[in-house]
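You will see chain A twice below: alongside chain B first, and alongside chain C after that.
Right after this comes the complex of A and B.
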């Protein structure tokens, strides 16, 4: 008989860890704990979401819905009927999260660091906000937990600006933040009263943004310390696994994969160069300086909005012209080529109707540009260069995330992000809300 | 206690006052503000039951609404009044009595209002079955210096509501926040983090 006599679930999020990379590390003899754990369950490839950024992906994970329903379309979004951009928070998430559903059914939850979780919505248990939390004091529910986190030295996130000064210092800082996060995870695992516990490790994503290319090239300056990050995580998960009883499911997943950046592409520069976008001032201070003759503008990553009359304040695209211009723009963007290699840089351009559906549809971009691997889409207003290489060496990919369930055999196919929440609810014997995008994965 | 205000939406019947009032109410509630809508039609069934549409009765109705709005305003509530309120001198008298008074002229041509005719009142007025109907048989006196003009035949209601909110921020009647609810200082810190990761241009 289990210690707790109840069905429990632990979820570990490993941000930006590719399915392919995990497999190659294990094939090379690394990650012995994960190798052993994976052999006791079901590991599959997982698709991310569109656009492929963590705020959107994890919100789809925690709601079981596409952005057309949950309302989060990126780390930055455009405020409807304005040219203002804003950073979405939980105030902008429509509907219940997984932990709110569990709480409503009397389950006790401990949830830490999952984007987007600031400001923390009340739960039956503990919620520690993600890296979009301005200060720890404002980002924890209930606030009485803050002293415990402070005592354990918990850090919201690594300061990524350090990477611009020194990758060595960055790696050192990253390891410190990771260690503290791991300590907090094990603390609540061992000492908390919970039915559902989730910790999200962001450190892998941070590592990959700055050091992915170096890792792939086994750059001897950094390789050992980069692998140390993975070895440490492997050790923590091994410790965690040892604590779990037979009635506790372990789920692990990432939200997207990673690949080496070939070029950063500035879509607003492309729009300007091709006559779709003009500004009243040069350089423009913000999107609000858009010229009324503009047809379209972009918000990172890959989101294109038509300057629509009646919707945008200076909108000039007449509704009768919307579809024609949108189609024309989509075809032209699809032909965008890498200036060095001549290769196509765009995989697909989707319309909002193809990508999204739901009550938050009005917020959706008119077009969504999906780049080919290696082409990272930006939307700088001031820069005129179309192609650039910056400090980042890794970018997100759509199709190479991973999902693991210890307690059920997953279908032999790539899984979709929206399928995970209903499956976890089923594991815990909780009925799913009736507005989710998918059914539980068949056992 | 937060600073209250009276937002007085005036305009022809079917110009969009009630629609805008509810959108602004929702936006203010999301910011944690206490809000109360005093809709002209609703008030007439309770506070001003028995009053007609003569000049004298309209004036009495509006002064009563103004009185309630004043009480709410001085207790930190944002009172949103949505009433035709066709007479300039009455509106100005209410304004003089309330410190934080914001006049929102919900401007729309009578022709467009007639095409909307939500309750069929314009039709009845044009047929002579309703007397003293503003826009048909009774005058509407446009505001001369409203704080905000919302031209509802040119602009989507959501866009108008957003402008109204921004104007309230500019008048220091509500605190500016980003759509996500960060203070400006908090948003700057979080922006810094996102820029460091290349998630913002």
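Right after this comes the complex of A and C.
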């Protein structure tokens, strides 16, 4: 790698694109551009984070830290010392993001659509908020580029509710949103002054939630349009690659993989059925109606909290009993079986100490349930059924994301999400903050 | 970037400075730098926000908007859906700040020690959060973050932030104030040297502090003034004015061609009596209490007590510790004004209120809120006709209030929110705002043991031993000088919201069309204004959403729907 004055980096996020799926597509002759690009660098399997949701995974990507340090434990989290749930935003992210570190060092950044990036924190450059942005006007830094985005027809996110009406219409909408996003990416790539540019494509995740099973089964009603999404992305990356000069490296990654849903499991229903959780009213309007005798409750996905005295407002679990009850609960959940097939539904149950460490540890759930592939964990308070299947056919997986670096050879092993940021910083010649979870990946 | 012929802009804030003191001391030749500026340029009264408090005033300064638009009305904000208040921070503002506009245009700025700039934000340049609003020395109060360590190493920890006024011997406090002016000046000089800032803004809060605590000592006509006070304390305020004058001199010596603005966010003057507004509201039956002396019921409120205990311990330790250890203890124990505000907000007053029967309440100085249905969690006053009637009734009652000791009215004006403010952040506004500073009254929460009295003369804020004898006024100061500034102009008063657009104008930038302030064209030579017409730009915009922790209801619904759409939320 030559040393030039300006080491630039482009990062493309493809949400929820599995390593295995990419490889099988390429093996079938699809994705010619990606195949060519991947042959010029290092493609590896990447582990996601726990819980395996995009807001947590991308926040770990952008901070180089586990949730115990950055404080984001899900799309939804429980506010400490209350039974209130809230939707974490950038206000809840502790510490600096990759783009803030780069900004500090005078690098100009263009960052678009990476969860979580609403509300936009100022950077040395441009930041377009992620799909948690209510309106474009509120989600962009600096506000002066809103007209440009509007002119290019940029859309924050596809409206997933369309899929409930018609998968055909949904696919059409999805393609439109994807096209606009691609256009904006190329616009800033060509016209902006930047050292670091990142665009995150959420469309693949949306596609997989509704159509994963259909894609695996090559369902002919949808297959060509699903593949069309991938082919389009391949074309865009090809165009993008052609614009890059020798000083610019390309990084691509996803935040988790996907698999077909066999059952959705309602952990709060399980807790209620097994005597760990009860409510004062039936059906409860919210967690706040929890009965003080409850031992544990759950927040999506797979987060379990003990109803701890001194921490929870109606807590009744005494600190002296915490570990014993927690162990008992963990063992019981680990034995959860799919009522149809009889198979175990849970891979592991981790304690908070096993999963997290850092200043945001107090916010962590007491237990975190890692499901086996096919078992999507939910926490609905109003539904009583333990097992269900809904409109979604795909769910996230932990160990099947992918990572690609064009400019260095990565170690021959599965990479961890927290290793990516320090490596990008090293690529760009920027010293990493000293509180990151991992060192840069050795060249 | 600036064309070579465009001078840079230096803005020096003297928190709370007033012409009542500035003019005579300039006359006496004690403030040569300020005298030069007054002679070479223009001077005018600068009107603050109403009420003239530092947080809303400085936010108005650095956004060019009125509080109805920038959303900072007070030191506190009520958290959504509960009767709990927390101190505001810079992230709570809803309008774009000057440094964001500069950054977006590629200009560099140093924003140093401005109140309500904690937490510091990434920008093109440097930010040091002002003491007022920074929790403590151990907070990360600089951008870039590493600057803090550099400052600590280079300048030591004792005086880079203003001293806390708690439990301090007045002589020691004055000494520490003066030391911090010197240290902060040296920091400004060093940063100015290292960076080519297009704008430097440096605020000296010490002016406000010394006036609060040493007015009585200075003013022979003040009731209770002790003629036997030491010379040092009698001249305390003047010493601070002289010290900032020297600071101004040193800073401007570095920037000979700059346009300079000197301003205060509000004025100051003596006050004598306290009005306990919450006691009045209770007496009139608007505020209902459950009964005094109750223990706090909510978990987590006890967080305020460690701060008291720690600060008290620090004071004791400071007296008895070997001097080598004092610095360490101070750094750890210094809890800052914010902790004090926090403990004020969680005072017995808030615990004891019977919210279901209370129709109006007041938490923060001079602001009254109705317990409004649909806004407050247990609101019992209906919006519309009922609330309008109640507001009128309260207003009329307050205007008639007379202090039995003087026989004279206490309240100068009572405003409705929409009489003072307008904009997208009005949902945070108080319902009524009192003005009584000019009549010599300060509004305080009734102290424990006040026995329902409406008036008092404690001259003490809770937790602070130093007495205070001065209060804010709406009339602050503004002086300007520079290559294109008209000489010797005595101009009609301007508003604090006019500073931001005027600064942008000096830098050759367009003025956001949604700024409430206007460019003060009358400051400049006609030849300059003719050659540089004001350029109006797009809206600066609405920054983020309400509250530093939660989205507002509307935004939450949009986002919840999206999450539900993909099954991430039930």
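Here is the rule we use: the second predicted complex is superposed on the first by the 438 of 443 C-alpha atoms of A that agree within 3 Å, B and C clash if a C-alpha of one lies under 4 Å from a C-alpha of the other, contacts with A are read in each partner's own complex, and residues count from 1 in each chain.
Just so we're on the same page, a contact is a pair of C-beta atoms (placed from the backbone, for glycine too) under 8 Å apart; a residue touches a chain by one contact, two chains touch by 3 or more.
Just so you know, these numbers come straight off a predicted model, no measurement behind them.
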Q | Joint occupancy of chain A by chain B and chain C, clash or fit | A | clash
Q. Looking at the overlay, what does A:328 touch: chain B (first), chain C (second), both, or neither?
A. neither
Q) Regarding the shared-chain residue A:160, is it in contact with chain B (first), chain C (second), both, or neither? A) both
Q. If you stack the two complexes on chain A, which partner ends up touching A:144: first (chain B), second (chain C), both, or neither?
A. second
Q: Applying the touch criterion given at the start, work out whether A:88 contacts chain B, chain C, both or neither, answering first, second, both or neither.
A: first
Q. Which holds for A:409: it touches chain B only (first), chain C only (second), both, or neither?
A. neither
Q.
Quick one: is A:392 in contact with chain B, with chain C, with both, or with neither? Answer first, second, both or neither.
A. both
Q.
In the overlaid three-chain picture, which partner chain does A:273 touch, first (chain B) or second (chain C), both, or neither?
A. neither
Q. Just one of 171-179, 225-233, 513-521 or 549-557 in chain C runs into chain B once the structures are overlaid; which is it?
A. 549-557
Q: Name the residues of chain A shared by its contacts with chain B and its contacts with chain C.
A: 53, 75-76, 81, 86-87, 89, 91-92, 119, 131-132, 134, 157, 159-161, 163, 206, 209, 300, 310, 313, 376, 378-381, 383, 390, 392
Q. Tell me, which parts of chain B touch chain A in their complex?
A. 30, 155-156, 158-159, 162, 178-182, 186-187, 189-194, 196-201
**Q.** Residue ranges of chain A in contact with chain C within the complex
**A.** 53, 75-76, 81, 86-87, 89, 91-92, 96, 100, 103-104, 119-124, 131-132, 134-135, 137-138, 141-144, 146-147, 157, 159-161, 163, 205-206, 209, 300, 310, 313, 376, 378-383, 390, 392
(Q) If we count contacts the way the header does, which residues on chain C are in touch with chain A in the complex? (A) 91, 96, 100, 103-104, 121-124, 143-145, 299-300, 538-545, 548-551, 554-556, 558-563, 565-570
Q.
For a test of understanding, state which residues of chain A touch chain B in their complex under the given definition.
A. 53, 75-77, 79-82, 84, 86-89, 91-92, 119, 131-132, 134, 157, 159-161, 163-164, 206, 209, 266, 268, 300, 310-311, 313, 376, 378-381, 383, 390-392
